[in-house]
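By letter and in written order, the chains are A, B, C and D; residue numbering begins at 1 in each of them.
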Amino acid sequence: MAIMRLGRAELKVMDLEKSVDYYTNVIGLEETGRSEGRVYMKAWDEYDHHSIVLQEADSPGLDHLAFKVEKLEDLAQFEKKVELFGCTVRRVSSGARLAEGQAIRIETPTGHQVELYHEIERLGKKVGSVNPHPWPLETRGIAPHALDHCLLTGEDVETATRFFMEALGFKQSEKIMTVDGEVMLGSFLFTGNKAHDIAFVKGPDKKLHHAAFHVDNFYEVLKAADILSRNEVQIEVTPTRHGITRGQTIYFFDPSGNRNEAFCGGYMTYADFPTITWTEDRIGQGIFYHRRELIESFMKALT
Amino acid sequence: MAIMRLGRAELKVMDLEKSVDYYTNVIGLEETGRSEGRVYMKAWDEYDHHSIVLQEADSPGLDHLAFKVEKLEDLAQFEKKVELFGCTVRRVSSGARLAEGQAIRIETPTGHQVELYHEIERLGKKVGSVNPHPWPLETRGIAPHALDHCLLTGEDVETATRFFMEALGFKQSEKIMTVDGEVMLGSFLFTGNKAHDIAFVKGPDKKLHHAAFHVDNFYEVLKAADILSRNEVQIEVTPTRHGITRGQTIYFFDPSGNRNEAFCGGYMTYADFPTITWTEDRIGQGIFYHRRELIESFMKALT
Amino acid sequence: MAIMRLGRAELKVMDLEKSVDYYTNVIGLEETGRSEGRVYMKAWDEYDHHSIVLQEADSPGLDHLAFKVEKLEDLAQFEKKVELFGCTVRRVSSGARLAEGQAIRIETPTGHQVELYHEIERLGKKVGSVNPHPWPLETRGIAPHALDHCLLTGEDVETATRFFMEALGFKQSEKIMTVDGEVMLGSFLFTGNKAHDIAFVKGPDKKLHHAAFHVDNFYEVLKAADILSRNEVQIEVTPTRHGITRGQTIYFFDPSGNRNEAFCGGYMTYADFPTITWTEDRIGQGIFYHRRELIESFMKALT
Amino acid sequence: MAIMRLGRAELKVMDLEKSVDYYTNVIGLEETGRSEGRVYMKAWDEYDHHSIVLQEADSPGLDHLAFKVEKLEDLAQFEKKVELFGCTVRRVSSGARLAEGQAIRIETPTGHQVELYHEIERLGKKVGSVNPHPWPLETRGIAPHALDHCLLTGEDVETATRFFMEALGFKQSEKIMTVDGEVMLGSFLFTGNKAHDIAFVKGPDKKLHHAAFHVDNFYEVLKAADILSRNEVQIEVTPTRHGITRGQTIYFFDPSGNRNEAFCGGYMTYADFPTITWTEDRIGQGIFYHRRELIESFMKALT
């Protein structure tokens, strides 16, 4: 009974075709299907049918996140633990979206919609599974390997953390605390060996801070920044390192204003990873290791 | 009940002081303790007391590998599964080596000694766990982040694979098969999100092919190669990419002839990772993606 | 008759010991001598006695820049060309500073003091000149290879450019022009194969914008940023790319407020390089390729 | 009066179309013209009409190298110096090849044909010269920036060196000497700020060892190696560092057996660069810094 990974994010976008153009040509995802008002996409290094779903909407934001569990029967077990924690959960029958099987849909303490699922059609990779080359020819744009993690905001980061740890089995890699140690302002949660699979910072409930894509190394972060600049995409944070996770990063916005990140290089975690603490007075260096201070838009722009 | 990681390798070395000099000054591990005939070491990005134990011996080789399990009670459960598989397993009381608690010691189908343990003293990292900097000042040598994986040889790779999968819960990321698909010549096994934590290639039982250390990126592989060359360490394979795991690598030998690797950049796995197959006719490209042929020493030099 | 390179910059600093600490431990230069009120330094990959001179002063800024010419007899020839251009020039006898021979001192049209010299004591490199290793052991801090270039400000960039081209033999790699093409706002000048050895942007006469050090690659830029952050040095511009020169960069300040840069990766030039033009409406992307807009401090902070 | 750079190499190839396919799709040059039995190519970061000319022939090898001089009138001056040195030189009228103006053709002491020229049609770069992006969209293959240098063999390296220094104005960055210091076995020569523009090693006269292309960094060397492997091009030397020049490199062969190199990262030179000496007993580390021994093919395979 285990969550394997953040399997998908369904993002609300306002101009569907413009967004498809951005996510395929600038980010470099592959369009894998369309259904009413939705476009499905995967990154080149992912096996499943999609990791990003664009949903046409009147305002930007996150429809839902979904985590893929190891076994189908895990769903029932997680369902119980979620109910025990006191969150609402309901079954979602297969067929709501393309290529997906059944799922459970949870409302987290921060009001976000999170699904757990096991079944999804697998498309494989262009490089194949027999004597594969390390990377495919003819990628476009940033060409990230995969969806990596999401950062959400919520009023009660501590309860969100408890929910993900107690009900869903996540571990906490890092936390941001007020200097007096009383209030948790940020929480970084992982399920396998990554520095984070999902994270929360204090802010309004139900909001998305960013969805991040994994790239291989700091030269790929530079390439991503070059591609974004060339395509006149708004870059909020140019290449830098996070203190938290130690990863390297850039932040930018999709055409609807949803924040994206290209991320590489965080440390490896294990279940016995001792949670790292950042104190609020050092939060600037924690978030942007080089700049060492927050920027207003980074705190304010949420979708 | 889960294995978290390859926690340590106890290597047999012939000239202990020369080996300590190599592992501390060239590899750049930190000496953390000594007991009769043994020296204990950790990499800078590891929390536990040691990941490498050097044991003074008449010949090089591997005394044992050990995997750290998530919970102490996992030991009993794994004990049962190992016995059920038909391998011998015995309890090792704490105190045999420094800083370690109780363990179970297994003889694998390939005759290797593998321990599972949960308890070990934790030393932490020089960067600390409160507002940490991303890397410590004053590292020496290659300064890898951590022990990464080991490759062992065995007559029956298929049974070794079954043992690690069925008794210990590993998954298989890649396998090398004869062209007719009959015989498994290589097997790459993981337990979390790494491309491999342990691997087997066909060869004599009980032997070590190499112990690998994790470095961050390809420039660190270059730095490692520079440092080895400057220290006149024998480099068997200069910087290149593996087809298998897609990682970047160099191979070299410790003063006793145990092979080491500095490795970075393999893909991320999950429990649903579909095993990649390499066919024997492409094994050259699978092992050394650029050279595309094996080298004799790589097959012959085992300890 | 040719200028080889920017050989040194004499910087005015207010707290000499604090500055020495910064330039040796954070930048990672080597102190090579002291004379009254001055400390001399070189980078590890330079042969000459010094490339940076720190001069104790009441305010920050640039005492003078100096270019090393190919032959001693070049001095007389440049002297004539400078006079012909209409700038004042005078002989500076050897002995004014440590390790230096005779020089000519020019006042440029922008009021900067520029010396030309050929003679300077050579200290060589720690790696030696017989069977050298590619880099020395025991570097500290950022450890740049060499002083790379300086950017100065002046009211009349066009005349400064003409002076460097006509009197000193420089070529122009790039220029920034008002949209109507009437006024030159920036000028990037080179003497060999580098993207720039000296540059001017429109601003007050006699001022220094920055002195830049050469690092090898973008990972070294990241390392530089990490080291600066750890040492709490003010970083003005975190890792990014320039449109102009195409190089990768960070900007930061020494303890007296003189701006420094760590720079890598600009293109190669030759005498037939066709000058690239940036128009003022795209100056943001020209200076900071990712951010695509200027920042106020970058225009205002001059010493 | 100065040589600016190695402007072109005319290579003899046996199967023209196969060679064009290799140089355009694998190396990633752009075809810029064809004339009888010749195909002309340039790299994306070069301005001139061509840097590589493929000439259909019965055997591989080098037809000639050509250096571009700063001014047209330099030709007459170099002509005199070459004659004074005692080498034959003749005028080549424009029109022999596409896009080229007049030239002088020299037979070097090692029997190689070397042309000097100033006039050649300029095609510019896809990124343009007004507000250019740092790199073009839609490159193919390795996509080097430019032709970088060539290594030739000759019986008398010392005389070849004297010729290039005395008649053509080159400087020597490095030399390989027998241990007794009597015989020069290798010589590395530069004309501006590069570690080498042309080099010689002891061997048969008139032969080409390799033609090298410049790539930006070590990740680009890795990319080059990946592309070559994928295209089943024979890679002779996988990614490594040279002791000589300190650059990073791979060697491989074109379809006719002419050796190519992808090279990055050598140090910067100036006219006062003190020649580095490698002694024959350390030649292995000088050539291949990590392997530290020569490989037979590298000495034997010449065209």
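Rule of thumb we're sticking to: a residue touches a chain if its C-beta (ideal position, glycine included) is under 8 Å from a C-beta of that chain, and two chains touch if they have at least 3 such contacts.
Values in this document were obtained by computation on a predicted structure and should not be read as measured data.
Student: B-D versus B-C: which interface comes out with more C-beta contact pairs?
Tutor: B-D
Student: Does the subunit C and subunit D pair touch with the same residues on each side or with different residues, judged by whether over half of the numbers are shared?
Tutor: Mostly the same residues form this interface, as more than half of the numbers used are common to both chains.
Student: Taking each chain's centre as the mean of its C-alpha atoms, give the chain farthest from subunit B.
Tutor: Computed centres place C farthest from subunit B.
Student: Subunit A and subunit D are the same sequence; what rotation (0 to 180°, nearest 5) superposes their CA atoms?
Tutor: 180
Student: Where the centres are mean C-alpha positions, what is the separation of subunit B from subunit C, in Å?
Tutor: 48
Student: Could you work out how far the Cα centre of subunit C sits from that of subunit D, in whole Å?
Tutor: 31
Student: Report the inter-centroid distance (CA atoms only) between subunit B and subunit D in whole Å.
Tutor: About 43 Å separates the centre of subunit B from that of subunit D.
Student: Which parts of subunit B, given as residue numbers and ranges, touch two or more other chains?
Tutor: If we look for residues of subunit B contacting two or more partner chains, we find 133-135, 217-219, 226, 241, 285, 289.
Student: Subunit B touches which residues of subunit C in the complex?
Tutor: Residue positions touching the partner: 133-135, 137, 217, 219, 226, 230.
Student: Okay, in this complex, where on subunit D does subunit C touch?
Tutor: Against subunit C, the touching part of subunit D is residues 2, 4-5, 45, 47, 68, 70, 122, 124, 129-134, 145-146, 192-194, 214, 216-218, 241, 243, 246, 265, 267-268, 270-279, 282, 285-286, 289.
Student: Going by the contact rule set out above, which residues of subunit D touch subunit B in the complex?
Tutor: 218-219, 222, 225-226, 228-229, 232, 235, 238-241, 248, 250, 285, 288-292
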